[in-house]
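These notes open a run of structures that come right after.
The two complexes that follow have subunit A in common; it is paired with subunit B in the first and with subunit C in the second.
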Partner chain A sequence: MSALGGGEFKIVFTGPMGAGKTSAIAAVSEVTPVATEVANSDLISHTKASTTVGLDFGHITLADGQVVRLYGTPGQARFRFMWEILGRGAAGVIVLLDATQPGALVQMDLFVDAFLPLVPPGAIVIGLGRTTLPGALGSDAFAARLDARGLLVPVFSIDARQPRDVFLLVRTLACILEAQALPEVAA
Partner chain B sequence: MQTLRICDIGLSIDASLAFHSMLKIVDGRSLASWQTSDAEHADVLLVQANSNPGALSAWTSSGRPAVLVIDDRASWPPAPFVLRYPFRVMQLLSLLDSVAEHLRSRSTRVASEGAAWAGAVSLRHLMAQTGERGWHIAHAGDRAFLWVGDAHAYALPATLQGLRTGTMALGAFSAAADPPPAAALRCALRDVAWYVGAHGPAELAPWLRPDTSYRLRGWPDFGRLGTAPHLIELAATAALRPHLPAELGERAGCAPADAYRFLAATSLAGLLTSFTRAEAIEHPHNVAPARGAWTRFVADLRRHLLRVA
Partner chain C sequence: MSPQRVRRASRELARQPLETLGSVTGVQSAVLFSADGFEIAAHAADSAAARRLAAIGSSLAALGSAISAEAGLHEFERSTIESKDGSVTIMRVEGEQAMSLAVVAGRNALLGQLLWATRQCCQELARLIHQ
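What follows is the complex of A and B.
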């Protein structure tokens, strides 16, 4: 990790319960992710059988041996204290949402507001799952809501189980970071 | 292969030496065979920006293209062909190919450009009409293949796939009474517009200007639209601040043609906003502090993801 001055390069996957954070990390991590799932006791929020209560962890190794660490947060607001612990020092955040969930737009606001202060300017990408199902909101609705707040954030329709889609999110984040880091030419 | 003559004037000694050395390297790799010549017999002028305004003005009035060379500290001039020194071989090659393509098509540009952009211009006109009733149809030969009405596009699945992959070109629309066939699928008009622009000609669209700066006002949904090499890099660069068309490609590390198609696609899809030069300079943008190791790491990550995706 010498290139990063002894620090770590960390990308955080966040979003509400059932949005696909654990699946997304499993889709792109080179190792079986470390997960802290327990039986879901909040069946009102989501009917899935298990849910993350601590964190998910996976990694991607680059050609020169350097490592990108992938952390997944718990989705439930009662574990919000974990969001700041995991988000602090992150290179960027990927917010995953379920487009069929009632209140998905409000959920997006909640997670964007929580992580925006923790990451570099603009280092946020939204992955929207289940957009092709009946009743789902399209990505335009989410982009418009962000635009109304003055935020220009990529919102992509994805399947969090598909490595190609998750790599698209991570690559977009890398492109944003790289574009921002390029030295400016004097105007 | 077309032979083109190029003359350099006003360059620094280092820049001139680099140019002549690289010209030998690109020999056989470019769309044209390049030879150096004096200004009188040259097809293209390579000139240091601001070094000789009179000569440049006289040159451009002849209708021949000029490549402006700027240095690291200079602002990007509103010109179609700009090269920043120090430059790499691939940057020179890409630019020379753009100039060669420009010259090759110039003689027939008026006719061919009109035809090549006809579908896009027609679609853009249709999208600007609010409250328009009835159907408009684009044809491929004698066959109707794309219907626009009710603020949506309708086409058979194979046609949509052809537009998505760029294997089917869109012609101009005309008003029609017949609705689309029952088997036609409905899709968002802005998605069709995106595909038309993304697979358009390798030149700046006629409604865009080389001396105007453009910034993204909304990201394309690459999850739904699909992506291609350079599109994400271009979007990330265009989201940061306004760029001139030629500057955008250079900063995103891709060929001018890729930047021109990206701008055509984003503008047709309503995702682009334009700025005058003064507005572009004043435009605020957030930039993370540049850190060498960090930047290299991120670039490595991006390349890694491009390979594995």
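What follows is the complex of A and C.
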């Protein structure tokens, strides 16, 4: 049995609208993901054609046989009730952000603050998208912001459409969980 | 027409059908909302309550569509959440602009009458908004 204490666990992909949550789950899920996308009528917030209003769901199997259930949240704050529903029982959370968005640092704070009480301590990983585009904030800015808050959270530049990048986030989170589950070694 | 203009126009058109629905025994409030969770028109619900009902209602409608598709059924049409004290019905409004109606009713409502009146209201909304 794994140090995580079971054959399956659940992780949540969250972050603002357009950060790539639905794409990330679709990129790695072994089954056709459940999606609840509808037409986006709020073109001021984001120009994308569709948006998730319920949840995304898929699953993957890690090399050690662990099945990871992947849940994606809606990104808009008016769906915050879904964040709490989906966060219940989660082993960890992956926060996806668009580094070109002017408010990306504040958005990171919003999602980290919303999910910190819902997941085990330290079970958060940040995935930054579009970091190579003009105007994007560097990952250092996000890491410094987390550091200033006393939070030790890994930050990665990723492309949410690339399975390799999404697996990196999931494996990192799995490693954090494994490390937390290990018995402390006496000094 | 932009989504905002559709919402504004629909709000005016929806007033009368929602008032008629509000006169049905047991109906406490009703909110018409877009598929992505914006309130379009409300009857007997303040703006904060309408906003929340619209967001939760759109999630439920989307989950209804997802589970219908999973079961190989046709598109989501209606869902009724029942509790000891009453019910909430979410019903899809047919048409090009994806919308649904949420109706909150007390336990004095007769479910058959409520569902019939809600369907009549949705059909009238579809006719007015999409004509």
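The definition used in the following text is that the second predicted complex is superposed on the first by the 173 of 187 C-alpha atoms of A that agree within 3 Å, B and C clash if a C-alpha of one lies under 4 Å from a C-alpha of the other, contacts with A are read in each partner's own complex, and residues count from 1 in each chain.
Please note the rule applied: contacts are C-beta pairs under 8 Å (C-beta built on N, C-alpha and C of every residue); 3 or more make two chains touch, one makes a residue touch a chain.
Bear in mind that the values here come from a model prediction, so they are computed numbers and not experimental data.
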On subunit A, do subunit B and subunit C fit together or clash when superposed?
fit
Max touched-residue count on subunit A (subunit B vs subunit C) belongs to chain B
Between subunit B and subunit C, whom does A:34 touch in the aligned arrangement: first, second, both, or neither?
second
Touching partner for A:66 - first (subunit B), second (subunit C), both, neither:
first
Between subunit B and subunit C, whom does A:139 touch in the aligned arrangement: first, second, both, or neither?
first
Would you check which partner chain A:81 touches, where first means subunit B only, second means subunit C only, and both and neither mean what they say?
second
For A:51 in the superposed arrangement: first (subunit B), second (subunit C), both or neither?
second
Would you check which partner chain A:170 touches, where first means subunit B only, second means subunit C only, and both and neither mean what they say?
first
Could you tell me how near the closest CA atoms of subunit B and subunit C get once both structures are overlaid on the shared chain, in Å?
27
Overlap of the subunit B and subunit C interfaces on subunit A comprises residues none
Note which residues of subunit A are touching subunit B in the complex, please.
2-5, 9, 60, 62-64, 66, 68, 91, 120-123, 127-128, 131, 139-140, 143, 147, 152-158, 163-165, 167-168, 170-172, 174-187
Sites on subunit C touched by subunit A in the complex:
2-4, 6-7, 34-38, 51-52, 55-56, 58-60, 62-63, 65-66, 70, 98
Which bits of subunit A are touching subunit C when the two form their complex?
34-43, 51-55, 74, 76, 78-79, 81-82
Can you list the subunit B residues touching subunit A in their complex?
72-76, 84, 216-219, 221-224, 227, 232-233, 235-237, 239-240, 251-252, 281, 286-288, 290-291, 293-302, 304-306, 308-309
